[in-house]
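Heads up, there are several structures right after this.
The same subunit A turns up in both complexes below, where it pairs with subunit B and then with subunit C.
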Partner chain A sequence: MSGASVANIEPTAAPSGSFVRGPALSVWTILKWAIAFCAVIVAVFPIWWMVNVVFAHPGEPVSINPRLYPTSLTAGFEKIRMILAETDYLRAYYVSLAYSLLTIAGVLLIGSMAAFEFALFEFPGKRLMFAVVMVSLMVPTAVTIVPTYLLTAKLGWLNTMQGLVVPGLASAFGLFMLIQFMRTLPREMLEAARLDGATHFQLYLHFALPLSRNALVTLAILTFMRTWGNFAWPLIVAPNPEMYTVGQVVGLFNSPYSHQTVDVVMTANLLAALPPLIFFLIFQRKIVEGIAMSGSKG
Partner chain B sequence: MVLPFMALFATFFLYPIASGLYYSFFDWNATSRARFVGFDNYQHIVASRDFHDAMINLATYVSITVPLGITVAFSLALLVDSFKGVWANFFRAAYFLPVVLPAFLAATIWRWIYAPNFGLLNMILGWMGVPSISFLNNTGTMLYALIAVDVWVSAGFNMVIILAGLKNIPTHYYEAARLDGATNLQQVIYITIPMLYPVLFFVVTYGFISALQVFDIPWLLTGSSFAAYGGRQRALLFPVMDMMGRGFGGLHFGQASAYGFILTLVIVLITAGLFAFGRRRFTQ
Partner chain C sequence: MAQLDIVHVSKAFGETEVLRDVNLQISSGEFVVFVGPSGCGKSTLLRVISGLEEIGRGEIRLDGQLINDVDPAKRGVAMVFQSYALYPHMTAFDNMGFSLKLAHSPKPTLREKVAAAAGILRLEKLLERRPGALSGGQKQRVAIGRAIVREPKVFLFDEPLSNLDAELRVQMRAELAQLHDRLGTTMIYVTHDQVEAMTLADTMVVMNSGVVQQCGRPLNIYEDPDNMFVAGFIGSPRMNLLKAVVVSRTPDSVTVDGPGPGRLTLPFRGFPREDGLVSLGVRPQRIGLLGAQEGVIANRIELSATLTFAEELGDVTYLHCDLSSGERLVLRSLDGHYAGGKRLTAVADAASILLFDESGRRIRPAT
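And now, the complex of A and B:
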């Protein structure tokens, strides 16, 4: 980048601040760009390094290949093929995907039905229920995780998909987010549809759901991130290797007694990172907005 | 149509809390008959060496990681906010990238960065002539190694929330300040921080609540299992790890339930303290 374009991008640095000396490249501007790029390196390099270890010849010592860039694409794909074919990683992938998708479906369905009632109608006990759910947002997971495990065990759901999914479906955060959104829906449309003879369920299906599409998509993405990244719950509720999630396999590969090489471990890491990274590239705006919203409304 | 949600909520949230409170007064290992022990579980935990160590680790960890993490996040937000257009988006996306990764991955990637001899960090230190340090096995460095990972993971998350708050500050405040000859630093201190107060308050409170329950990252950094956890000399033992270990390692489910309530009490007290402090500042 040239000095002129840098100065153009940053017109607000031009006021009477003590750092600035005219429109040319100031010390402050250079410093700012340098810090910004250093921070990018710190944020991104560990992830980039993982990619480099995977796409390099196996066992290549770090001294020969400082791994600033990938050196062998074929070696990388060979490692991915190997890990999928020779370990149980693929099964863990299926478990994690099923866990995430079923959780998303359940959270959206159950949450949107409840939010529809809470946001648009009056019913007995509404205030109390709403208050209890909101208070639950502040209750730390630490207090519920052991007894919830004990309940799941009593139901005979250890090492099952329902044991992973069902206890996480009543998401207070999701409900809160959907209620906030549905409160802004145009009530005249709702009244008009009702006068036209739409049933309660039709109002939900044809009015509330389509108009809440944005909030539902955001909630789905945030739920995906959270479920895919959930480590503690699968660790205790699905300790059987048949039901390992990606998080557990990655954890085991990285444990001190693991016999896997750094190549295999990093390949497992990379494959685990892939779905959320792809989601981020596609839905960056939605993810960022969703998180920012949860902050400003909380 | 609220029924499915409320039924699940009652079963998997309200009932566990009630049953947890009940279990916390029993000595129970999930197979034998439960024996009522009153407050013994609570007493036993509070008097135990592990609880003591975990709480000290937690106090040190929280008092560094929350202020440091939020300072970094706030600085990054100001930095991103000072750029325009494509560059603002680029920097925001780059700083946010670590948040996208699951926390378990952040821990496992950093485990390799910290590895002795061939790890990235020791390689860089090696170029500068520093001998290899075993960051995750040296009781002097373990906690700081954890904090670095923690800040790396959480900075982008808080940055995004703070950035949204920055966008809500009317620009004419800054224009007026500049006309009065305020420097950039003065603008941050007298306009940005007061205007961002509610957002910063949320970020701090949320940061405390999640840091007090830290689990995934130290668990994986130390390569823990229910048989052995907390790392060398338990230097990375934290309360939630201790609780999970008592439950799933020692099968003392009564104690584990009691532990949850003790921890909740600590969290509630700290949050209440923050709210009291926050309100006083706010009304001034």
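And now, the complex of A and C:
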């Protein structure tokens, strides 16, 4: 039925589709979907190719008769087992996870406390301090990386977890995002809590934190993505193989003198890409909601 | 139950003075309503009492104790906000019990007090809901419940009914009056709605530009306003205020020129001046149409006017007219429907006319 009604509609006769109920099939609609489909292929194909190469016998996907789908699950799991058993991949997982989670905890704690003060209270020097924070947001990482390294080295924190984590604890972007969000929290609610007898810290704990949950989740995910994928800083500050993060280990697999075949390298890549992928799939709604809400009403 | 004294309180935001030398004595158990146009300082005064706004100058005493510098939570006041200000992430129960939780009250006490407040406000079945699942009226009841649980000496209401629709507002107004009868606690209520003020108040405080214009029982203020602002602000439609010039006086009367053609002689014992400008104030409800069956008026004055538009409300019609002086006169026609012509003659009892001097102050007869 819908096919018949669609066929009756001249593509040019429906100016904006506003008078037509149901799907209006115009040239523009087809073009739009075609472009979207191409974009999806570009984004998804590398990941799919990675899965394809891992779960196949060596060489098969790139043979004269290539396959675009996994052919051997056992071969894939065997490669995963081999990498986990024969390399220090699990240790790297642990280091990366600790690095990411500690950074998230720190960024959320410091960011939310600072944003609470900046967004909801007046204090001397507030504008100046906020300006300094915003300026720091505009300085590229490449400029700060050398002085930060020197400072970390002076503190004796090379090849330590605190050396990895502490320099990334204060995030100007995170602070900015949380301030924007907390500015939208209703003042009267804050005043009601004050009348209810809440202390300054209780206002933060019972009022600002729970009401900013969406923004905090968004910031946590963005921070996870950033730290998990951070390559340069761990490379500089923790050159000891015991402190290698997943990124660095994957880098070793890919290095020019590595004797690994493509499928083993791809397995290492897949293992590295898995946590952020899972994180994103679980929280993608929250990410979009959080980013959309960070400027508007809570 | 508490006596609240506000002594010489002033407050300024930068250069702008929002409260000027406010003096009020609020007796224990009284329902006091601050009323005035927006920006008159009524909400600021309430916030100063609550402690959310710092006091500029002056003193606030609760039961004789100075509370100027006492923390808002420890003043013994509870406030209900216009926007309800409920915590959206907590249930109605948690909202109401939040202050007790912060004060580390034992759980049985907390449950008992919340249950008692919920019983008063008929909220028992809604306690597990979050604010998002409550209607406007229910939210406001939870907000009032949150205040009741704290067992304050003084309740403060900041335009609590403004966000509700008209029907619900009438219902909540009645509930608030009953609540006051039941609790017997001192309540201070801020509104810009004079109907709310007139119906709820034991004592009404009319404010304008940060100054208390008049304070007293609602009907006394309506009948006997101290100045032109109060006369105009209280009563709907507002009081007619017409300019006139004093031409002569006797011990028992005063004769003025204007607003209509001819002179008017008004009964007035001991008018203080021989000449000068005055304003005549007469409520639309005290003016009728010539010829209408409104009983015999002993000492009537007549004014001819031109009708500009008729406000037909069903039970009553208000006629908006222009006088020959160009001033506007509103009068009440007792019939729901006005069938007369463009030209009409308004009739008022001369005894019901109030006089104000050039600065707007009321001129009262000698007693």
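Following the convention adopted for this analysis, the second predicted complex is superposed on the first by the 240 of 298 C-alpha atoms of A that agree within 3 Å, B and C clash if a C-alpha of one lies under 4 Å from a C-alpha of the other, contacts with A are read in each partner's own complex, and residues count from 1 in each chain.
To be clear about the criterion, a residue touches a chain if its C-beta (ideal position, glycine included) is under 8 Å from a C-beta of that chain, and two chains touch if they have at least 3 such contacts.
Predicted, not measured: the structure shown is a model, and the values here were computed from it.
Peer 1: Report the partner of subunit A that touches more of its residues: subunit B or subunit C.
Peer 2: It is B that touches the greater number of subunit A residues.
Peer 1: Figure out whether A:Ala85 sits in contact with subunit B (first) or subunit C (second), or with both, or with neither.
Peer 2: In the superposition, A:Ala85 contacts neither subunit B nor subunit C.
Peer 1: Contact-wise, after the overlay, does A:Met129 reach subunit B, subunit C, both or neither (first, second, both, neither)?
Peer 2: Touch partner of A:Met129: subunit B, not subunit C.
Peer 1: So, A:Gly251: does it touch subunit B (first), subunit C (second), both, or neither?
Peer 2: Only subunit B; A:Gly251 stays clear of subunit C.
Peer 1: Touching A:Phe280 in the superposition: subunit B (first), subunit C (second), both, neither?
Peer 2: A:Phe280 sits against subunit B, while subunit C stays out of touch.
Peer 1: Where does A:Phe207 make contact in the superposed view: on subunit B (first), on subunit C (second), on both, or on neither?
Peer 2: In the superposition, A:Phe207 touches subunit C alone.
Peer 1: By the touch definition at the top of the document, which applies to A:Met189: first (subunit B), second (subunit C), both, or neither?
Peer 2: It touches subunit C, and subunit B stays clear.
Peer 1: For A:Thr141, is the partner it touches subunit B (first), subunit C (second), both, or none of the two (neither)?
Peer 2: A:Thr141 contacts subunit B only, not subunit C.
Peer 1: Following superposition on chain A, which residues of subunit A contact subunit B and also contact subunit C?
Peer 2: none
Peer 1: Over in the complex, which subunit A residues touch subunit B? Could you list them?
Peer 2: That would be residues 9-10, 12-13, 15-19, 32, 35-36, 39-40, 42-44, 46-47, 49-50, 53, 61-62, 66, 109-111, 113-114, 116-118, 123, 129, 132-133, 136, 138-151, 153, 166-170, 172, 175, 200-201, 204, 225, 228-232, 236, 247, 250-251, 253-257, 262, 265-266, 269, 272-273, 276-277, 279-280, 284, 287-288, 291-296, 298 of subunit A.
Peer 1: Enumerate the contact residues on subunit A facing subunit C in the complex.
Peer 2: 186, 188-189, 191-198, 202, 206-207, 210-211, 213
Peer 1: Show which residues of subunit C lie in contact with subunit A when the two form their complex.
Peer 2: Per the stated touch rule, the residues are 50, 52, 72-74, 77-79, 81-83, 85-89, 98-99, 102-103, 146, 150.
Peer 1: For a test of understanding, state which residues of subunit B touch subunit A in their complex under the given definition.
Peer 2: The touching residues are 1-2, 4-6, 8-9, 11-17, 19-20, 23, 30, 76, 79, 82-85, 87, 91-105, 107-113, 118, 120, 123, 152, 155-157, 160-161, 163-165, 168, 178, 181, 183-184, 199, 202-203, 206, 209, 212-213, 215-216, 219-220, 223, 225, 239-240, 243-244, 247-248, 253, 256-257, 259-261, 263-264, 267, 271.
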